[in-house]
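Here come two complexes built around chain A, the first alongside chain B, the second alongside chain C.
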Partner chain A sequence: MSAPERFERLEATRIVAAPGALDEIDSPDGGRLLRLAPDDLLVLPPPERVEVADPYAIIEPEAGFSAAWFDRSELARLQAVSGWEFPVRCPEFAQGHLAGVPVKMLFDEGGVLVLVPAVLAHHLEERLGLGERAE
Partner chain B sequence: MIDFEGTQVPFEEGDTVLTAVLRAGLWPWGGCLCSEGDCPYCLVTLEGVSYVRACRTPAVEGLKVAPHPSGGYPALPSSTPPPTGESAVGFEMVHCDTVVIGQGRSGRKAAAEARERGRRVVTLEARAGREAVGVYPGPEVVARTRDGMARIFSAEVVVATGSVELQPVCPGNQLTGILTRRAAERLAASGVDLGRAVSVGRPPEGVDCQPARGRLVRFEGEGTVERVVTVDDGTGAERTYSCDTAVVGLGSGPRDTLARMAHGLPGASSVGSAAGCLDRPPVPEEGVVCPCSEVTADDLRSVWNRGFRELELIKRSTLAGTGACQGAVCMPHVRSFVAAGGQELPPSFTARPVVTQITMGEAAAGWYHHPDRRTALHDEHLALGARMERSGGWLRPWTYEDADREYWAVRTGVSICDVSTLGKFLVSGPDADAFLERIYPTTITPLRPGRAKYVLALDERGYVFDDGLVCREGANRFLLTATSAGAGHFEMWLRDWAEAWGMDVRILDRTGSWGAINVTGPLSGELLSRLGAADRLPPFMGHTDMEVAGVACRVMRLSFTGEISYELHHQASRSRDLWRALMDSGADLYVWPHGLEVLEELRLEKGHILVGVDSLPDSTPRRLGHGWAVRMDKADFLGRLAVARTSRMELDKVLVGLEVDGDPPLQGAILRVKGDYAGFVTSSTWSRVLGRSVMLAWLQARDGGFGGDIMIDGRPARRVALPFYDPEG
Partner chain C sequence: MVLRLDCPHCGSRPVEEWVYGEVPDPPDYLTGAEERDVDRGFMMSNTEGARQERWFHAGGCRRWQTIGRDTTV
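Moving on, here comes the complex of A and B:
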């Protein structure tokens, strides 16, 4: 089984701060830093502690995304419902739409982690036929 | 065999429907057939789908085909649409470097050259069942294929669609039995018997026909062409040629609709005949110019004489070029007509997608409806029997199917409501105070940590476009709320102004990440106390952080229902735990959730406006009766100049509270004073607690005031001070 059955709510930490302060944050062991915007960072998984050199930084638990992992064998199927072309090299982080739903995608050697706003996850599950494929 | 209007028609391998039908000796179509998909003459209804070109449709066994009616339009389909969420037409999204539209000589050459450059090439050719129907910015080409629709994204688009043959415009040009030169060549090669054929202009190759000398004057015949009449321009003598089929070779022009659509897009170009020039036809003098809209040469002269002397104006006034062929037949002639009026040959009509007829299913293929958002409590609502409705881009509970229970739980006990949809934003930074002072028309700086304030959001014209709360969390840090429907716009509003003013602030949208549950009713404090909030609940318009049922919450005390209310903002991942704890702990208090239907009644009884429902695009705070939310003694805020100016003007309309006996009037019901229009109702409800209908309505000034007896639906309405319910609070 290479396709997930559904998206699961993701636990992460969101940091909005001066871009220079975000540049200095190191990637946590085994974790990921996803730069959503120059002043916006998503840290996976949520670190126990994070230092940000910006006294006005907003550091918040993030519960607004759901995520699912797709193997590389699923990429062609995802590409077929995407109006933008997936990056060739890995690792790469990209943001766009899949099947008309806004997503963030972290491409890795083994596949892609798809993040979708949790409030829209059910649409993407339906449009990708995740539940049906699992059956 | 194909079934052509009840007649069984044989066909050969590779036949189109047009070829098979004509070979069978049937000729049901009037006008000059082009057999290349350009003209509108061979349109048929195919398996219930109309506006299909017979010349583009492969003949297959058992196909049911009927020509369009000779007058009027084909009947609308009566088939049942597919179930919601399912597409009847397949689609694919394709990514490449170069799309080449058309696979004639120029198209094949362009594709080969692109491949030599290492480009990934997609080719489209209508005759091969891969037909481009539109070019969009991107560039993006939308094509119809035998498998459905394709959206093709590329860096380059090469249009190589070749040329389109000119059609004859003269009396008799709508008779049957007329072909363009290339159509005659193609059909004759396919074994179609053209009988005695007479050609005008350039003769077809490989077709046995008699060339007619002179300039074409008219076709003659009863329904079918029987004679071709030409004139010798030197002597003025007419010649008549008897025939079964007339073939016209009058020149050509670029088949450039897609090229014009792509014009100006980065990476778009056209090659070959598609980039060529028009063989300018003679000025139309008689006959049908535009068969789709039945526009004659007389019609062109008529609108010209009435002052419509530009191509686009003539198109709009006659509808020439707006039909099934999108100007393929008429446009060269209309351009020539305009040029004869003393102007240069005008450029072609504006080209817009789609270039040929497609079905609604094909148009919808590959496009997704805008998704409705669901809160984390969606399944909880369904489990409680909620009927969900779309509201502000969300699916929200409208009712739990017992409005009385929902209402009285709020007014006499305790109720909960999922308000996760509210816009929620964190703002932090050294300029946070100054920023919000300029965003909002009220004072922000004096607000102490732990306190909240109701705010209006005004645009530069001083009009209200949103409202919400400002909560100070600490020095230089705030939580803002906005309406559910307005949250997306409000975030852009904040970011745009922060950037425009160069303010040093950080902004984070928490709308999707935080859930929010409103606990409301006289027993709301009791319920929250049971869940660990005893003695720590904030005062009115205060907020504090605490755990409720083990869930970290920001508890805000405010009211939209007219009863004591606490909004519990929390991580959306804990919404279900919190909701269930509230329901379980409040069971003996008869806690019950309420939906939007009852919330509408509750807020209206309390006279609270709903921005976007009760407000208009030109609603100033004063017109809304919210002048108290504006501090004109502030140095500046968005819309201040406009508010100052409009405040000096006489008030022309105002939002008022009204009551009537009996059922509430509908939203939008007209107010009349002495029989004249005096405004309309924006929100109305039957108030269970008051026992009468109450509403908000816009009332227009008359004779400098707002007096007079107001009638709604023929019933007298009483103007009353707001709120309707519990004015003492």
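Moving on, here comes the complex of A and C:
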């Protein structure tokens, strides 16, 4: 199956800190660093502990997103319902609307991780026709 | 044709992802408190020429950006 049936709640750690301090954070083993903005970082999965060189850093569990992996063969279908060009190179992180719903997308060799605000996940599932396509 | 705004974090994005956030600036000739409140709430200035505007990238990085726009172009 190339498209997921539904979005699942994502566990992550959100770090808001000075941009220079976020630049120095190393990616956890097998994990991902998603830079939402210069002062805002999402770490997947939640690390046991993280060092941030900013005494005013805010480090909190982030449970506000749902996520699902899509096969790269689904890219054309996703691109058709977005108003912006997907990045060509991998890995790459991008943010924007997908079918009118705000998402964050991690483009990787193996697929595309789509993050959506959890409260909007069912809207995106409906607009992308997830579940209906499953046998 | 889609109006697009350049986000320094996310790249060129359609205007539907953005929320306009004009900083209210009632004109000086309005002196009454209620008049100024009405102007602040409902009257978009949209002045002619180059201007700096505040836009919120709600569908992307969720950051406020200051964007230049020329209303005469």
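Here, the second predicted complex is superposed on the first by the 134 of 135 C-alpha atoms of A that agree within 3 Å, B and C clash if a C-alpha of one lies under 4 Å from a C-alpha of the other, contacts with A are read in each partner's own complex, and residues count from 1 in each chain.
In this section, contacts are C-beta pairs under 8 Å (C-beta built on N, C-alpha and C of every residue); 3 or more make two chains touch, one makes a residue touch a chain.
Note that the structure is a prediction, hence the values are computed from the model and not measured.
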Check: Touching A:Y56, do we find chain B (first), chain C (second), both, or neither?
Finding: first
Margin query: In the superposed model, which partner reaches more residues of chain A, chain B or chain C?
Written below: B
Next item on the list: Would you check which partner chain A:W84 touches, where first means chain B only, second means chain C only, and both and neither mean what they say?
Entry: both
Notebook entry, point to check: Should A:P117 be classified as contacting the first partner (chain B), the second (chain C), both, or neither?
Noted result: first
Margin query: Between chain B and chain C, whom does A:A3 touch in the aligned arrangement: first, second, both, or neither?
Written below: neither
Checklist line | Touched partner set for A:L75, first chain B, second chain C, both or neither | finding: neither
Check: Of the two partner chains, chain B (first) and chain C (second), which one does A:A17 touch, if any: first, second, both, or neither?
Finding: first
Next item on the list: Go through the superposed model and pick first if A:L36 touches only chain B, second if only chain C, both, or neither.
Entry: second
Notebook entry, point to check: After lining up the shared chain so the two structures overlap, which partner does A:A94 touch, if you call chain B first and chain C second: first, second, both or neither?
Noted result: second
Note to self: Show me the chain A residues, by the header's touch rule, that chain B contacts in one structure and chain C contacts in the other.
What the structure shows: 40, 83-84, 100
Item checked: Touching residues (chain side chain A, partner chain B) in the complex -> 9, 11, 14, 16-18, 39-40, 54, 56-58, 60-64, 79-85, 99-101, 117-120, 122-123, 126-127
Item checked: Of all residues in chain C, those that touch chain A in their complex -> 2, 9-14, 16-17, 58-63
Notebook entry, point to check: In their complex, what parts of chain A are in touch with chain C?
Noted result: 36-38, 40, 83-84, 94-97, 100, 102
Notebook entry, point to check: What part of chain B is in contact with chain A in the complex they form?
Noted result: 85, 92-93, 95, 140, 151, 153, 367-376, 378, 394, 426, 428-430, 432, 476-477, 504-508, 510-514, 571-574
